[in-house]
Amino acid sequence: MSSSASVIRTDGLTKKFGRVTAVDAVGLDVREGDVYGFLGANGSGKTTTVRMLLGLVLATSGSIEVLGEPMPASGRDVLTRVGALVEGPAAYPHLSGRANLALLDSAGPDGPRRTRDRRIEESLERVGLAQVDRRPVRAYSLGMRQRLGLAGALLRRPRLLVLDEPTNGLDPQGINEIRRLLLELNREGTTVFLSSHLLGEIEQLCTRVGVLDGGRLVLQDEMDALRGPTGRTEVRTPDPARAREVLASITDVDVEPADDGLLVRGLDPADLNDRLVSAGVRVSGLAPERRRLEDVVLAATTSGTDRFGREGERP
Amino acid sequence: MTRLGRWCAVAVAASLLVVAPLVGRWLPAGSADAGPEELLATARAAVDRPWSGSAETEGTLQLPDADRFGTVTALFGERTDLRVWWRDREHWRVDRLLLTGETDQVRDGDTTVEWSYERGEASYSREPDLRLPRPADLVPPVLTERLLRGVGPADVTVLPSRRLAGESAAGLRVRPPSPLSSIDHVDLWVGEDSDLPLLVEVYADGEARPSFTSRFSDVSTEPPGDDVLDFEPTPSTDVERDDVLDIADAANQYAPVRPPATAAGLALGPASDGAVGVYGEGTAQVIAIPLRDREAGALREQMAITPGVEQDSERTVVTLGPLGVLLTGADGDGGWLLAGTLTRDALEQAGRDVSTGFVFVEDRR
Amino acid sequence: MIRAELTKLLRNRRTWGTIAIINALPTLVAVLLAITDLGPRPGTGPAFLAAVLTDGTLFPLAALAMVLPLFLPIAVALTAGEAIAGEAQQGTLRYLLVRPVGRTRLLVAKLVAVMAFVVVTVLVVAVVAYVVGVALLGDQTVTVTGPTTSVSGTPMSTPELVGRTALAFGYAMLCMLGVAAVALFLSTLARTPLGAAMGAMTLLVASTLLLTLDAAQALHPYLLTRHWLAFVDLFRDPIRWDDVVRGVLVQGAYVVVFLGAAWASFTTKDITD
């Protein structure tokens, strides 16, 4: 466990809409420097939680601290240091992207006019919209709007980025760019809170994961801990039958067939490799097996992974 | 502040604002120290003292709508907003306020100017002996003075005081002294500070709501200055001089008839020196106007479609609250128009008396 | 924030479209009057319309009397109804709030923007009507007929006329405050801007209707539209202040209550759009 400062901490956070409990006693813990993956199926209460963190939805009970201060009480102070993208971007359709950013910046505190133009250009450049002309946002593609929304979130170089489904509507190329951008920002010291229903996205980017299921936080841990080794070794070989024979003679070793090889428990990888190669078995790959996030999430949730989107489902 | 707290604050503010305009009305009214006799004298004298203010009259009497009686129909059948400046009976200005302008009457001695904004017209006329009711007759002090004619202390009882136009006002109920009157009673309240009648309500027999109301919403006893009482037409105003003020004035001057000396037992009033007769006084009064066949025909047609009308070959008659209107004769004839606050029987009797008792005279022209 | 709202308002093409439509009616009326020379019969038609035939300088007032009962309040209801519900529908509301803009601040800024719209609209009406009136109907102050005549028949000098006209237009602007507050409140409740605007218009129609009903007399002092046309009183001589003052107080009360309600509603609302 890292000892760095807490950036988001909620305690018993609950939201009821009428008799429906959308979010139930959630205790988030996001630390400085994290890329936190907030994973949940659609309708799991993810967006409501994000909105509560930003003071848009008022909690029924429980407490929220963002950047060390209570929300929504200190919202005016805290939110100037937070950039957010909530449930898709939004802009005034009759104005250009630049005009939109300028308007948003001038609307709130701590956006000095002196540096505004420069900050807008920098943000647009970071999200890949630097070349955009004076077209009104009305004429933007979905991907461009998403980028503009991200530019808005980056405008004041926030310490914390809260992003709800930030890669929606982007093509694979765009998704890659945004991922790189987020990692770059994270290296520069920005904590990223990334909410998504896409397992793959979370798996590739995040250092910490929280899983929301039916309004409850069912899992919250470091990504490395979740994807720890299982104790088995994956062996890829064109000669699985030979390999089984070789390993059958060793006591306390379990062998299971796998897609293009075997799964072996009971031998450390170096030893296993040595034995196979000495016996003349051709080995094309060999590595300790790690747990997959999908399996962990599946085990923790009741809803099953079918409600989580897979990478391939993206538009 | 919690959600509930905020809404409560809004609700409290809203109720305070709703109640605020009512507070003045809820202040306790004092009890009158003046007796009925003294109050009667005060109420009668108001018309000879200066005052000014905003008044509002409201009538519920749907009179037959005939062209030449237009203003009268509106005065007795609708709400009318008035602004009044009164120096004495012969110097005053009464503005009838309309949404789209105003019609003002300014009296200066023997001359009365009527200014109509929408017509852009000022008509001057001499003050006639007899005429139809006009707004100035219905302002509380003027109306009070007229209704109290012939009323003695025995005819009045004291009513509880009320708050009116920002002051405490003593109340009087007046029962008409004459059995011929169709008015059941008149309630009036006299301001204790201003000594002016502030509210007059006229009730017909058996009616729970007043048939006619006249009230001050705001009044002052400051004498009005010359600046408001002088009317000087601007260069763009059409100035006219009228020989006759209205149909009653015209008939009075030019009709070659004289009314009989009494009608329904009521004597001809002192103002009657022409063709028009005014009988009785105060709460039991009737005016008799001779109409030519054209005027009578138009009025008869209008009366015939008024609810509650009774018509035969002798006369057409309707009763509207305390006001009775009777037109003698049948289709194609001229006739006498009688209008006043007489009981139905007395009005019919007066109609017969006038139509049989009038005499022709030489045309004065 | 207020600056940002004003920018938004003035850069919106719809603002100017609305203003153009509002001006179309008085202009059409002026053209018709100039062609036919037919004034309304006494007691009918908007105030001052009979007088403008002889004096075009009064046309701004006639135009005001034309647009004040219906056009102007509808435009205000639409604009104010848009305020919160429009941002919510567009999705921009959540971004404003996390910018962060305080919710009370946002409400006040919206009200200021709506009032700016009213001021601009009313001023444009005044200027357009003056130009149209003088061009088409003539200017009495420079003709032989002399000074303008007040409603009470007394002369009004040009400075006096200008002063009273300015007062009347100021009063008309104030009258729109109440509508703005109501529409703003509904805008915090409704899901769509049109819903909020329709709600405010319903209140206007109801108020106008109740005013014609004697049975509702006890309600009359509280009705939003009760004193709107009292600006005519400013042209009586002496000026009749009662209704104008009452009108200002009623608008004030509406602003307090409905802005308060808007505040109570909006500051405790879950923004889920």
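Side notes on the structure shown:
Labels for the chains are A, B and C, by order of writing; each one numbers its residues from 1.
Rule of thumb we're sticking to: a residue touches a chain if its C-beta (ideal position, glycine included) is under 8 Å from a C-beta of that chain, and two chains touch if they have at least 3 such contacts.
In UniProt terms the chains read A = ATP-binding cassette domain-containing protein; B = Transcriptional regulator; C = ABC transporter permease.
Not measured: the values here are computed from a predicted model.
Counting steps between touching chains, the shortest path from chain A to chain B (Transcriptional regulator) takes 2. Top-ranked chain pair, ordered by C-beta pairs in contact, is B-C. Of all chains displayed, C has the C-alpha centre closest to the centre of the whole protein C-alpha set.
A centroid comparison over C-alpha atoms places A as the chain most distant from chain B (Transcriptional regulator).
Centre-to-centre, using mean CA coordinates, chain A is 85 Å away from chain B (Transcriptional regulator). Per-chain CA centroids place chain B (Transcriptional regulator) at a distance of 38 Å from chain C (ABC transporter permease).
Chain geometry summary: the mean Cα position of chain A and that of chain C (ABC transporter permease) are 52 Å apart.
Counting partners per residue, chain C (ABC transporter permease) has 268 as the residues that reach two or more other chains. Contact residues on chain A toward chain C (ABC transporter permease) in their complex (touch as defined above): 17, 48, 51, 54-58, 75-76, 79-80, 82, 84, 86-95, 99, 103-104, 106-109, 152. Chain C (ABC transporter permease) makes touch with chain B (Transcriptional regulator) in their complex at residues 42-51, 54-55, 65, 140, 144-147, 149, 151-155, 221-222, 229, 232, 236-238, 240, 242, 253, 256-257, 260-261, 263-264, 267-268.
For chain C (ABC transporter permease) in complex with chain A, the residues that touch the partner chain are 1, 3-4, 7-8, 11-13, 90-92, 94-102, 268, 270-272. Every residue of chain B (Transcriptional regulator) that touches chain C (ABC transporter permease) in the complex is listed here, in rising order: 2-3, 6-7, 9-10, 13-14, 17-18, 21, 54, 83, 95, 97-102, 104, 115-120, 122, 217-218, 227-228, 231-237.
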